[in-house]
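Two complexes come next, and they have one chain in common, chain A, joined by chain B in the first and chain C in the second.
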Partner chain A sequence: MKQVWVLAVDCLLENIWNRIFILVALFGGILIYLSLLLGVLAVDQELRVLMDSGLALIELVTLISGLYFSATLFLKEIETKTIYLILSRPLNRLQYLLGRVLGLLLSLLLIMLLMSGLHLVLLFLHHWSWNNSYLFSIVGIFLKVLMATAAAVFFSLFSTSSIAAIVFSGSLWVLGNFTPEIRFMTQKSSGLAAICGRAVLFLFPHFELLNWGARFNRAMILSGASYALLYSSVFLVLSWLILQRKEF
Partner chain B sequence: MSSVISFRETAKVYRSSHLGRTTKKIGLIDFSLDIEKGEAFGLLGLNGSGKTTTFKLALGLLTPDSGTVNVFDLSPKTKSFYSRIGYVPELPYFHSFLTVKACLKFYAKLSGLSQIDISAHLERVLWETGLVAHQNKKISELSKGLSQRVALAQATIHNPDLLILDEPMSGLDPLAIRDLRDYLSRLLEEGKTIFISSHSIFEIEKLCHRVGILKEGRLVRVLQRKDWEGVSGGLENRFAEIIQNDPTSKALLRNSIQ
Partner chain C sequence: MRFWGPVFLFYFLFNGLFASFERPISLPDFSLSKHPVETLAFVNLGLNRFAADIDMIRLFIYYGASEAMADDLNPPKNAPLYPGIFPRAEEILSLDPYFNYARLYAAGALAFNLNRSDEALRLMQEGLNLEPENKQYKSYIAAIAFSKKGDPQKVVDTLSPYLKNPDTPSMLLNISAFIYFRLGEMDQATTLYQRLLDSRNPEYHLTARKMLQKIKRHSYKTVQFKKLKR
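On to the complex of A and B.
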């Protein structure tokens, strides 16, 4: 466990040092500021627009960062030969995978904390009073990004291009946001289309389970969080199986 | 003497597929070799002859297609296996924002050393590699020679019994090469085993007890120190003779010059 933590901290430090990380944080800040302008334009609904657009932008920026970090992580380590220095140490490949993924998640959590901190400042300036639904919305976003990131790690391990890994996992995220529509279309169709629909529903993430909004309750949160953790774990187990056999 | 590394009829073929077409490239073929405890064994060969493949097979980073590789009679990919090995790949990369000390601490922790052991080993390795004065410098501030010392220090921080060094002298100035050779000689005196590759034949000649010559993935000859000591032109001439007299070598040498 100690070595997993050492790898995670190393990954976090590298991402903090990485200029892209700083750029992403700045980008998020600017986008949230833009959402403030949008709020001014929405008469009477200013606070709601500010809340919704801010959360959407936090999700988008964290997702883009997550996909980029995870898709380039292993390929970069192979390119710089860092992976040889790590894998020739007394630690197994599962520890290596868990360490790097944990570091990635800590980096994303930090990005989210920075952006949501900025977002909260803007909300409080608009006389918003604290509501726990905000916290659960942030947790929901983090779980969605966790699922997409786990998928991106998996895709990056068997593709030779980070762009391909980003495209695959990005597609997963897009389709995952449309599962209610896909379910509706599957119910209305038959034959091959219905089979394809059911396959998509089985394979792709159901992000609607994490859109808790203001109507959250304990059962929704527990089932949504368990689903997200299970879905991510499946991709991580598959990644571990690939990593076990992978030659460097 | 007991065998530290043992290759038996080991073969490795690289396969790559593109648009349904698979191409094969021989990495190593019919490779048999034993390296004894306390020995410095050098691998010489032209580019692409299989030196790095040999090292990666010994480290368990590659799996042989046929034959066996045994290191300390332990199965690769286990913790006890890696705790006895130190590895320096060719031109390794370290995070530029870390200081020398932080970088070495990172690898010490990954090697599973306790906090007390880390302090003791860190002090030892900084002194042995001449990095004491540079320990608080960032990696980005180091010259190539100093970076290479960091590479050696990370490989020896856990006091391994076997060192696998892939082109450790690459790009170093003469003084840095001398320092490196002196350090490796000291490690040999301590009973460590060194498996090294280098294009610097003179350094291999001075350091190694035996040398293996690789060509197109085949171990064409293993020379003992007596085979080049006192011989006109030394190891360089022996290497050139062996490569040139090998029937398929002339074409290879021509291609490498072109």
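On to the complex of A and C.
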């Protein structure tokens, strides 16, 4: 466990020095600009627009950084041959994978916390009063990004280029957000179209289960969270299977 | 290699099982959309609510623009004003069916400002189909019916319990305040105009200020008249 933690902290520090603060500063600038602009335009609905735009930006920035970090993490270490040094220590490949993924998740959590802090400051400045749905929305976003990141780690080990890994996991994100509509179309269609639709539902993730906006209940949270954890675990197991077979 | 099969099988099974927890959502009607590519991009990224907000801002701008600017520069004779309000509202509500404010705003504009009660009732009925227990929607439907009959007293009586609701559009507060003013119920009118003046929406500040001065003058005249009468 200690080795895993050391690797995680190392990954977190590396990400902090590299990109996190630039991303957060960029997000802050965009958010302040958006809040001023949309506040004027949205009249009665200023708070709602500020809330939705903030959450949308948090989701997109975390997703983009998650996909980028995870798609480049292992490939960079293979290219720079750092992986030889790490694996020559008394450390098995599962510990290496878990350490790196944990570090990645800590980096994403830090990005999300910083962005949410900034977002909350703006909301409170606009006389918003605290609502638990905000916390659940943030947790939902983190779980969605966790799923996408786990898939991106798998694709980065599976493919030889980081761009391909980003494209694969980005497509998974898009299709995963589209499954409620696919389910609706499947219910309305029949024959081959319905079979294809059902196959898609078995294959792609269901991010809608984690969209806990203003409407959520305990059952939705429990099923959504367990789904996200199960989904990510499966991709981590697949990544471990690939990593075990890989020859460096 | 022997682990791959069971892992994939497990993945398909649990993923398919969780799919049944997902509620099916109809696709937004892209034929209604003025910006179908943008809407599709937002939907694909899972940002339906944000897309609805952007379209709501566009609706504000559209309804705030002068009549000639709002649509065709040379509209045909007898063409309705702001014909785009209903399809725009439908688009917003297809992206976020629970966007209460958008439904009330569009229905209010159609019913009380533009005399297009049928379209307003259609919007409210769709809302009621989605949330059959929503009392505000039921009252709104009743108020639209009273407005159609030309009974302003009943319109404000029906709407008054919901005017304190934060989702009530300023436009509706303004309409209700004016009806109260016309009916001579100055206390109610003053309360609503004061609320409009205190709100963060500057759109009705000038109207509210003017109307409050008018009410003040009216009250002064009434007092003087009563004194003279004595």
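Keep in mind that, in the parts below, the second predicted complex is superposed on the first by the 234 of 248 C-alpha atoms of A that agree within 3 Å, B and C clash if a C-alpha of one lies under 4 Å from a C-alpha of the other, contacts with A are read in each partner's own complex, and residues count from 1 in each chain.
One rule holds for everything that comes next: a contact is a pair of C-beta atoms (placed from the backbone, for glycine too) under 8 Å apart; a residue touches a chain by one contact, two chains touch by 3 or more.
Since the structure is predicted, the reported quantities are computational estimates derived from the model, not experimental observations.
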Chain B versus chain C as contact partner of A:N92, first or second or both or neither: first
Which partner, chain B or chain C, touches more chain A residues: C
Which of chain B and chain C A:D52 touches, first, second, both or neither: second
Contacts of A:L7 with chain B and chain C, given as first, second, both or neither: first
Intersection of the chain A residues that touch chain B with those that touch chain C: none
Chain A partner contacts - residues on chain B that touch it in the complex: 56, 59, 61-63, 77, 79-83, 85-87, 89-93, 95, 97, 106-107, 109-112, 154, 158
Touch list for chain A against partner chain C, complex: 38, 41-46, 48-49, 52-53, 55-56, 59-60, 144, 173-174, 177-181, 183-185, 187, 201-209, 211, 213-215, 223, 227, 230-231, 234, 237-238, 241
Chain A to chain B touching residues, read off their complex: 2-3, 6-7, 10, 13-14, 17, 80-82, 84-93, 247-248
Residue ranges of chain C in contact with chain A within the complex: 3-4, 7, 10-12, 14-16, 18-19, 21-27, 43-47, 49-50, 53, 56-57, 60-61, 98, 101, 105, 169-170, 199-203
